[in-house]
Amino acid sequence: MNFISVSKNEGIATITLQRGKVNAINEVVVAELDECLSDLEIDPEINSIILTGQGKFFSFGFDIPEFLSFSKDDFAQFLTQFTNLYTRVFLFPKPIIAALNGHTMAGGCMLASACDWKIMVSGKSKIALNEIGFGSSVLAGSVEMLGYCAGWKNAEKVLFSGSMYMAEEALTLGMIDQVSTEEELTSEAEAKARELGKKDATAFNSIKKLLREPVAERMVNREKASIQEVCAIWYSPKTRENLQQIKIK
Amino acid sequence: MNFISVSKNEGIATITLQRGKVNAINEVVVAELDECLSDLEIDPEINSIILTGQGKFFSFGFDIPEFLSFSKDDFAQFLTQFTNLYTRVFLFPKPIIAALNGHTMAGGCMLASACDWKIMVSGKSKIALNEIGFGSSVLAGSVEMLGYCAGWKNAEKVLFSGSMYMAEEALTLGMIDQVSTEEELTSEAEAKARELGKKDATAFNSIKKLLREPVAERMVNREKASIQEVCAIWYSPKTRENLQQIKIK
Amino acid sequence: MNFISVSKNEGIATITLQRGKVNAINEVVVAELDECLSDLEIDPEINSIILTGQGKFFSFGFDIPEFLSFSKDDFAQFLTQFTNLYTRVFLFPKPIIAALNGHTMAGGCMLASACDWKIMVSGKSKIALNEIGFGSSVLAGSVEMLGYCAGWKNAEKVLFSGSMYMAEEALTLGMIDQVSTEEELTSEAEAKARELGKKDATAFNSIKKLLREPVAERMVNREKASIQEVCAIWYSPKTRENLQQIKIK
């Protein structure tokens, strides 16, 4: 693993995104997360998972400068892998807690949305589905997950504005479930992971499927067309120009 | 145009309902709104739309005294046109802001529900889906839009009670999105229209469809049966008697 | 009727669960409620219904000790009858008010969820879908009804935690609609029953179907598989052991 690390302690696996300063998501990050989930799914010692990031970002979202060199087909292929990943997280049989240590943008916010519980640090960090701001659409599955968590009218507010929200605002909107201080984020994420991890695993998984499978079905049904539409927009001259302005330090 | 006026200023088109004292909706109002939207949809100068009313009403709803002279088939025909109109507004590619200047009743409330953002004046004005109060049902699409905006339990409260709500209550219930003073309604509606109108149009339209198309599909699927049911109730002796009591000044 | 009593007064029928100290639900309770609803549905004197319990419990939920002697097929048969009952309540043409006089657990909470309005006493009484706590899943229809009333994220909180909530917390979560004192529960339930009972019956029923039929369709479509899954879990050695610890005084 190059861009994620995994530590295990008392039944909890903590996955930390660590790719540069902003944990930008590319094909390798998605592949590593997927492989890691495959291990943890069958690891009998692991009852629950924490997903977090290193540094001032949970994740910036997609590594836009890298994707600018991709052909449209290759980018569509990446989006398929990415949407498969968040759908897998959304239905994962073991509880996954998102510990949002810093800025959580676009694709990073989509990945967080798929988790069972989202704790975000208060302070300077922001969370956003800011795609509209650079002339992009979003993925159908991310819309379904946001509507599921936040309700549809709040989903509209978040998506139409593309605003960056503080943790407290994000809590009110239903984008996250809990606000924490920077100091207590780890312990609060671990407390939640322990709480959900000690539930009967069969019962938890069954109830999670009852709640989420109808949503996941809609996600899967709509994703292919949505990926085509996102690609069409990304490769349009106007949006491409916006994307070329985006720098990742 | 006899019953609506349209003004255009800095990318914003304002449509004002102006039909008598209460802006009651009849076949001509629906046809004029539809024609007007067809123009605005392709007008390259227009980025967003405000829908408002003249006087103390946004709209009283259907022009009940006029419809009492209609055959059941003609009334069903009108309901088809009306539901086509609100479905069109619900999916309209450009942002539509409802500036609710006064009372917003029944069919008027349904039309407002279809807009992207609803600002209502505080004070004496009321908003209601008050059909149950005169023994009528509502249209399936209006139920879907209300559930989408307000959540299902709030939709039940609104529809089962038929209550008239002040702007502040309507905001809490999710029937509207913002409360304004009478003096500031226009400027606040324009601010919102500018805000949404300056978003990338392709991205806005794509995101709006991702959010609303599944709802619109359910609306369309259910509307035909719903229109038949509303007609059956309107032409039942008991409800007909109620309708005959309703006066429009 | 052995385990329920029915009284009628001024258009309101009050059904009271009275089976032992905790009003545990078994096959006979379900059959009696079903028969009672068949009578009340066609009783021209009855406009609305109150469903309440006797003693310190609205209902403990299923009579687990009794069901431990059932074969898996017989238990599945009971679950079919029970889910048919709550689906019937959910769509019942006359308004049904749940007057939650005391603890409202598991199957008791599912039955309450199906009603049009739920008033719960404040004080010591708790409400819960606590199945996860004894290693059981829940029924698909109960998940749909909870999501409809409380929103999906609140439904997750309630179901993943299995927590026991006070009336005030349950109100915030959307599990119930109103909190009452013990002294005023009856009069407030009667006031709500009168309010909904005096609405035009045809309009009420039509609007209720517009709101709830899509939910009921999903309930029915998913229930058979869900019953099989609940049975598989109940008859697994681990959950069976938990169930054998449960005592009903």
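As written, the chain order gives the labels A, B and C, with residue 1 at the start of each chain.
Operating definition for what follows: contacts are C-beta pairs under 8 Å (C-beta built on N, C-alpha and C of every residue); 3 or more make two chains touch, one makes a residue touch a chain.
These numbers come from a predicted model, not from an experiment.
K.L.:
Common contacts of chain A and chain B?
P.N.:
Both chain A and chain B are touched by C, going by the contact rule given at the top.
K.L.:
Could the interface between the copies chain A and chain C be described as same, meaning over half of its residue numbers are common to both, or is it different?
P.N.:
At the contact between chain A and chain C, which are copies of one sequence, the residues are largely different (under half shared).
K.L.:
Could you give the separation in Å between the centres of chain A and chain C, each centre being the mean of its C-alpha atoms?
P.N.:
Here chain A and chain C have centroids separated by 36 Å.
K.L.:
Which residue numbers or ranges of chain B touch two or more of the other chains?
P.N.:
Within chain B, residues 151 contact more than one other chain.
K.L.:
Given the complex with chain A, which residues does chain C contribute to the contact?
P.N.:
Chain C residues touching chain A: 131-132, 135-138, 140, 143, 147, 151-153, 155-156, 159-162, 218, 222, 226, 229, 233, 236, 238-239.
K.L.:
In their complex, what parts of chain B are in touch with chain A?
P.N.:
95, 116, 148-151, 174, 177, 195-196, 199-200, 202-204, 206-208, 210-211, 214-215
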